[in-house]
C-alpha cells in the first residue's frame, strides 16, 4: 500500500472579493522510501498542496473544497485538530524555504531540537536520553554537537538549514515535505545540503516530497516527478519518463528550454512566452493553451484528459492523436 | 584593440564594523570593452554587489580607481556624479522592492528623464516612455497601472526600461533574474541580449549562478571573499576552469538530465569564512581540497597563466 | 502561491482596498460614525444654539435643572443650557485634537524624516535633543510652556503641539528607516533624483500608513491633554464652554447634581474613544498582512 495518496484535491482561496483556484483536482501517490518532486513556478499550487497535507492552510482564507488525503490509511482531512497535531512533526514533517525565519532567535539550537523531541515524547524518555538524542541528530546533519549551545544567529545560512532539517528529523518522521529547501542557499552549499538529505533519506527510510522550481534539483534527488501548472498536474511520471524519455508536455519542454545549460553552446534560450494565468480567471480548455507553441483549436475549448503510457501521464491533446 | 569603456584599478571598498574592517572588495582589477559583457560570479557575501555599486559611484571607494572612458569617477564631486547617472545605470535584483509601489509605471520610467532634464516637454516625455515600454516588451496599456498589478517579470521589464530611459552606455545588472521564475528568467535574459545588440550597451552582469552568465557574457570574473580569483573569456572558463573554487562552482550546479546522478560532485567542504580583517594568503585556502603550505603564507596574486586567462592560485606557479 | 495572491488582491487603488477592509471592522465604523456626528455638531454649532444667548448668558431662574425637554442635558449653576455648551465645546476639543496633531505631525515629520534619512551625526544630534524632551512628562512640559506663554487658545495649542513632537519624531523616524532600506530608494539615487525629491516623493508616501494610524490615536490623547489643562485652570478659561473647564466648574456641585460632571466627562471619553477605535481599525486595514 502506498504511504500517501491524494485524490481529486481542490483548494480555493477567498478573501471576500476574489476566488483564487489554487489547486484544481490533483491526484498522486507516494510509496515508502520514494521521493516525489513537485515542480512548478510561482503560483502553480505547490506550496498550497503541501500545506493542505499538514492541514496548515491559512484558516480564514484557504478552503479544501473537494478530495481526500490518505496517509498510511488515515484520512487526514477528517481528523480533528488534536489528532492532527499528533501526526504533524511526529509522522509528517515539513521544512520551509527560508532557514532564517524558521528558527526562534532567542532559543539555542539545542533547546529547539529538544523541544521538538519533548513535544512528541511517546516513549517517555528521560532528560538525559533526550539530550543524547539531540547530540545524535546534530551529528547526523553534520553539525558538531558542541555547537548546540549556540544561538541561530551564530550559524551561517547553510548551517541554519541543517539545523532546521535536524529539527524536522527529530521524531523520525515517515514523510518529509521539503518546500524549496535549498533555494535560499548558495550553489556550493546547496550541493552539500542536497547530498546530506539524500544520505539521510537512505539511512532513515523516509519518503520525501521535494517542492522545487529547479529541474536540476529534481534530477538529482527524485524518483517520481509531478509538474504543476495552474493548480493541475500536467505531467506525471518516473525519473526515467522525464529525463530519458523524449515525449513531454509542451510546458515541461518549455521549462527545459528556459534553463541555461552549461553543457551545450546554444546562443539563445528558448523561453515560454507569456505569463502564468490569473488564478481568479483561468482560461477555458487547456489552462496552458494561451502560452502553448503547439496550441490547436481543440485546446481552446476542450479540457485535455490524462493520456497514460505505462507510468507516464501527460495532460495534453497532442498525445491523444498518437494514442488513436 | 577595442575601446575600453570602464576599468577598475586596485579597487578597494572596506566597511567599518566597530573597530574591524570588512573587506567587501579587495584589490579588484577589471576591464570591460565597449559593447561587451563582463559577468561577475560569486556566492552571497563575496562582495559582488558592493563592487557593482562602487563602480556606479553609489558607494565611495576606499582606495583605487574606477576609470570611465579614462576619467577617474571616484574623484567626482556630486554634480559630476549626477551627470554620470545619464551614462551609467543599474538594474536591481528584486523587482518587488526596486520600484516605488506608489508610483504609476509611466511615472517610474519617466522619472530619470525628468530629473536629469533630458526631455522637458511633458507630452514628448510621455511619448518617449511609451517607446521605451515597447522596447522592453511591456504593453502600452500599462502606462497608468501600478506596480502591484504587475507580476515579477513585467516589473523587471519596468526596471530595465527605467535604466534605459536616460540612454546610458553602461549598465550594471545586479542579479536581474535571480528573483524570477525560470520561464520568465529566460525571457528577461533574451531581452537584455537583444537590447545589447540594438543599442550597443555594455554590461556588468552580476550573478551567483554560473549557468546564467554563460550565454550573456563575453568575459567572466569569479569572485571569492572580495577578490577576483579567476578571469577569462566565457568559453575558456567553462571549457577549462583552473581555480579550485571555479571548478567547485561548476560541479555544484545541478544539471537537469539523467546524467546528474552519475556525476559524483567533487564537493568543497565548509562555508565562506569571514571577510572581516582577513589573514594573508589565499582566502579560499580553508575550503580548498588542494591546499598547500604556501597558500596561507602570502597573498596569491592574479596571474596570466594562458593568454587572456588569469588565475590566482599557487597550483599554477610553475607554469 | 502566496506572492501571487497578494498581487492579485492588491488590484484597484490602494485607498479603495483600505476602505474595503475598514468597512468590515464594525468597531472602527462606530468610531468613525461618532466622529462624523461630533464634527457635524462642531461645524453647525451656531445653527444649533446661539453662542451669546445660550452658551454665555447667565439665566439664574433656570439654574441647576435636571434633564428635561427644554434642556435635554439640564442646566448648569448659572442656568446655561448644557447641551448648547457641549455642542460648542466640541469645537474646542476637535480643534485641539486635530490642529495640534497636524502641527506636531509636521514638526515630528521633518525631524524624524531628516534624522532617519541622513543618519549618522544628524540623527544622533536630533534624537538626543528629543530624548531630553522625552524625559519631561508631556503634561508637565505643556504646563510649564503654558505658564511661560500665558493662557489663551493659541498658546495652549503651541504648548500641546510641542509636547507631542518628540513622540511623533520617534515613530516617523522608525517608519522612514524601514522605507529608506528599500531598493527603490537606492534606485532613485542611481537615477540621479535629488535628496529632497527622494524624501518627498519616494520616502514619505510609502511611510504614510503607520503615520496616519499614529496621528489618529494621538488626536485622542491631545483632546484629553487639552481637557486636562483646562480642568486645572491652565487652559481655556470660563465662561468659554471647554469640556475640561466645564468639568472643573462642576466639581463643587458633583454630589447633588451629578449630571454636571457626567455630561462633559462622557463627551470627552466618547470623543477620545472614537478616535482610538478608528485608529485601531486603520492600523488593521493598512496592514498588508491582514489579507491572509
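Per-chain numbering from 1; labels A, B and C assigned in written order.
Everything below uses one rule, namely that a residue touches a chain if its C-beta (ideal position, glycine included) is under 8 Å from a C-beta of that chain, and two chains touch if they have at least 3 such contacts.
Just so we're clear, the structure is a prediction, and the values are computed from it rather than from any experiment.
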Pair of chains joined by more contacts [C-beta pairs], A-B or B-C: A-B
Chain whose average C-alpha position is farthest from chain B's own: C
Chain centre separation (chain A, chain C; CA means) in Å: 50
Averaged-CA centre spacing for the pair chain C and chain B, given as whole angstrom: 49
CA centroid of chain A to CA centroid of chain B, Å: 32
Chain A: positions in contact with at least two other chains: 42, 276
Residue numbers of chain B (touch at least two other chains): 151
Residues of chain C touching at least two other chains: 4
Touching residues on chain A, where the partner in the complex is chain B: 41-42, 156-159, 186-192, 194-195, 213-220, 239-240, 243-244, 254-263, 266-273, 275-276
Complex interface listing, chain B residues touching chain C: 56, 58, 82, 85-86, 89-90, 92-94, 97-103, 111-112, 115-116, 146, 148-151, 159, 162, 166
Chain A partner contacts - residues on chain B that touch it in the complex: 43-44, 151-154, 181-187, 189-190, 193, 208-212, 214-215, 238, 248-258, 260-261, 265, 267-269, 271-272
Interface residues, chain C side, partner chain B - complex: 4, 7, 10-11, 14, 182-184, 186-194, 197, 201-202, 205-206
